[in-house]
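In the two complexes that follow, chain A is the common piece, with chain B as its partner first and chain C second.
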Partner chain A sequence: MSQRAKNDMESVSESVLINHLRTQEESLKLLDEIDLLLNSLYEEKGEGFELALKSKVRSWVTEAIREEMSKGVDMEEFLKSVKNEIASFKELKISLAFEPTSLSIEKIYMQAQGIWGRKILLNLSYDPNLIAGCVIIFEGEYRDFSLRKAFKKEFLQKKEQILSLFKDYQVSDQV
Partner chain B sequence: MDLTLTYLIILTFVSLILFLLALLIIYLRLIAKYLKLKEESEKSLKEERKKYEDSFRDAQKIVGAARIKAIDIIKNAEEFNKDQLAKISEVLDQSSQLSLKSYQEALKNIQDEMGKVLLSVPNNINNSIVSAIQSFSFSLQNQFTNAQKKMLEDFTNLYKSSEADIENYKRERLKVLDSLILKVIEEVSLRVLGKEISVEEHEKLVLKALEEAKRKNALEDR
Partner chain C sequence: MKDFNFYLEQIGEIGFTEEIVHSIVYVSGLPQAKPSEVVMFESGEIGQVLSLGEDLVEVLLLTRSELRVGTKVVRTDELLQVPVGESLLGRAFDPLVKPIDDGRLIGGLKVSPIDTQPHGIIGRKQVSESLETGVTIVDLIIPLAKGQRELVIGDRKTGKTGFLLQVMLTQARMGTVCIYCVIGQRLIDIKNRFEFMEEMGIKKNCLIVATSSSDAPGLIFLTPYSAMTIAEFFRDQGKDVLLILDDMTTHARYYREISLLAKRFPGRSSYPGDIFYTQAKLIERAGNYKKGSITCLPVAEAVLGDLSGYIQTNLMSMTDGHIFFDIDLYNQGRRPAVNPFLSVTRSGHQVQTFLQQDLGRKLTSFLVEYEKMKEFMHFGAEAGETVQNVIELGRKLDIFFNQPLGKTIPVNANILLAGGLWSGVWRGGDDEDFKRKIEEVILNYETNKGYKTKVDELIKSCNKFTDLVNSLRMDSEVLGVAQKI
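Now for the complex of A and B:
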């Protein structure tokens, strides 16, 4: 790999475009925008790209691209590298028992990144039946850390005790 | 003379023919009557058979209904308790004692009457008759007591068997009820838990779950 290519790769992985990503949903949206930009590169005698930056992508994407342009990178190469970089990310599926805020997503992402490294994208879903906790699926491996599972396990072990307590309560209530 | 004889012969012959004709008519009528009677008899037999079959069917229905009723009664025997059994036993006892008493009284009357009659017969015959009557009376009394015991025993067995059936049924129903109660407690507890947990607590639990995954080396990066 040439020094320039290495520098480009480093530039891509350090890019705001990549660092901004937290979820699979965001990455798909960014990939759509990159495709639009790539298609606009040779339109309108070179003016198409500028037009697309102004009108077809989100402002933070525009800013990130302009920052890269200021470094003098080959835009087509850069955008393709970003696409490749995103494709290399691993998907971490997490089912949550609540609908997360942006802050919640940030916290979860940071924690996951600390465990599985930088190249992670969250695929979050909402399942109120979990009660609390979460279910994690990573590279086809499934782990249930939900409160529902823990509760059911505990409930199964102590069902006789619970039933007896319930009956005692009923009797005392009747007395 | 010859002519008279000839006339006589002809008259006798004609009379004989008339007699035979009369006999034939009577015979034919008899045959017709016999056939009619036979037909009526067959018809009546058929009707009787039909009636018998209907009665048999009705009897079967009655027996079936009685059986169902008996099963119901056995099922409802849950209401039976030991006190009631004791009461029934007591009533049976009283009833048998009463019957025995009235029977003994009747027997005594007969003996008295018989005694009067027997005074007129020789002593040895009198003694044998009295002894036979006493023996019969004793045997009857024994049979009566045995029948009473058997009846009580059968009744107790029936009660015990019904009681066991009811106990089994109760046990099964309680099992089903227990599992339903557990299901309801579980559902309600989960629902209440879900409502009581705040977003911050949810976050903490998710972060803890991720830590747990790391600690257990589960889902490690490959």
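Now for the complex of A and C:
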């Protein structure tokens, strides 16, 4: 690989656009914006791109793009390579028993990055049936760390004891 | 099989449905999936892994249901297995042994893998016993042996199914386990087969493995493999099994559909390149073994009598002969419409007695002569005495070979009647009278034990057909003809 190509790849991966991404949802939104910008590159006699930057994409995306433009990169190549970079990211699905705040998402992302590296995107879902804990799916591997599973396991092992407790409770309730 | 959550926890892998193309589903995830492994969907459907792509696993759905993109999938870490056991007898079910008759679940079963390698040569042995079909023309001219694979080929509506049911009736009455495999046909046809078994009282030795044309292509594709697995179970119990696969051309068509959907490169007539292997590995599992035998009668449909079709010639090369049902003979009123000149048996003759072989040769050569004489007569030429005798005997043979559906005739009764025809005891008589005499002999043979023993001993004592003919000329009492010749 040539030095220039290597530099380009590093430039893309270090780009603010990529660094900003945490979740799958964010990446899909960014991909939509990139598609919009790509389509606008040759519209309105070359003015379409500027128009799109001003009014059709989010402000932080506009700033990141302008930063890259100031470095003199070929915009079409750059946007395509950002798309390819995002496509190479792996998805980490996490089902939680609560709806996370942005701070929680950031913490989870940092933890995940420490384990699996930079190239991951979180796909978070809310499932109150888990009671507590989480379910993690990554590259086809499934791990259930929820309290629901723990309760189920406990119930299976001590089924008779728990049922007899319920019966005693019912009887005392009637009395 | 356990449920979805069990496998999810046990195996710890999950996949998601990404794309659905009719009966082929593309699944992401499942990193350790193996070819032919069974996978289970969240909704309870099952599928089989067809192939492993770079990012996606290709799964063949075995149920016809509405799946959605995003449905979760788990591996079961098992290959497809079929429950087998004695309690399958008398029942009708699908390839996964779900009952399709009165709905009672079948219990007391163990499982056996559906797709196994055919046995090597060590466990096999030469065919040694004849398989009586109860159909005169087949038993005398195109005999079958236990462990033989004989293709039944012909146009639609030429009596192939009727013939197969006659064979099943004869063999079931002799204690052979009979498995009728219906592949992608109409539900009413499946019902008719089942009712035939019930009416004839042979349910206890028979079973039906069936899929209708409305079932999932994946399930239809598995039908003959499931039937063969069940046949192997009974073979391993030391029993003789008759397996009818009706029909293999439909099976090939469904496999073509699956392969084209799975984007396999189409070959001749758009069939996949491995169509021969797919059907050969099934047919090769039948045969004569030291433990028992599996006699396989695969059925193939021809179009306007064309035996040179792709699937038809494939099947002919995999089997030990074929019985050809001729549409022209059927239209002439012959029942069964078996064409003895275009039918072949590669193993049947070696298990016959010398008498039967001699009779078969004489009948075949006589039929050739008869056909020539019939053509000669078309020109309206005056027929001499020899020609007239040949025509007369040929006509009586046509009546003799004509056999209604549901009627089976023991082979020794057939030999006796053939001997009687050759001896000339029924020469010059009325056709109706001749039919009646045949019926009498058959009825006597089937109901009168003493008569049966007498006939069996007579046949056993004759080494050649001429010996039998001469004995009958000397004493035709056994044929119910009072006058001695």
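A few comments on the model shown:
Methods note: the second predicted complex is superposed on the first by the 154 of 175 C-alpha atoms of A that agree within 3 Å, B and C clash if a C-alpha of one lies under 4 Å from a C-alpha of the other, contacts with A are read in each partner's own complex, and residues count from 1 in each chain.
Here is the rule we use: a residue touches a chain if its C-beta (ideal position, glycine included) is under 8 Å from a C-beta of that chain, and two chains touch if they have at least 3 such contacts.
Computed from a predicted model, the values in this text were never measured in an experiment.
When both complexes are superposed on chain A, chain B and chain C sit side by side without a clash. Taking chain B and chain C in turn and counting the residues of chain A each one touches, the greater count comes from B.
By the document's definition of touching, of the two partners only chain B reaches A:F151; chain C does not. In the overlay built on the shared chain, the residue A:A112 is in contact with chain B alone; chain C does not reach it. Touch criterion met: A:E139 reaches chain B and chain C at once. After overlaying the two complexes on the shared chain, residue contacts for A:G72 are found with neither chain B nor chain C. If you stand at the C-alpha centre of chain A, chain B and chain C are 50 degrees apart, rounded to the nearest 10.
Contact with chain B, but none with chain C, is seen for A:K159 once the two complexes are overlaid on the shared chain. When the shared chain is aligned, chain B comes close enough to touch A:P128, but chain C does not.
Annotation: superposed on chain A, chain B and chain C show a minimal Cα-Cα gap of 9 Å.
Residues 139, 141, 143 of chain A are contacted both by chain B in one complex and by chain C in the other. Every residue of chain B that touches chain A in the complex is listed here, in rising order: 178, 181-182, 185-186, 189-190, 193-194, 197, 199, 201-203, 205-214, 218-222.
Considering their complex, residues 8-9, 12-15, 28-31 of chain C touch chain A. Every residue of chain A that touches chain C in the complex is listed here, in rising order: 137, 139-144, 149. Contact residues on chain A toward chain B in their complex (touch as defined above): 90, 94, 96-98, 100-101, 104, 107-108, 111-112, 115-117, 128, 131-134, 136, 138-139, 141, 143, 145, 147-148, 151-152, 155, 159, 162-163, 166.
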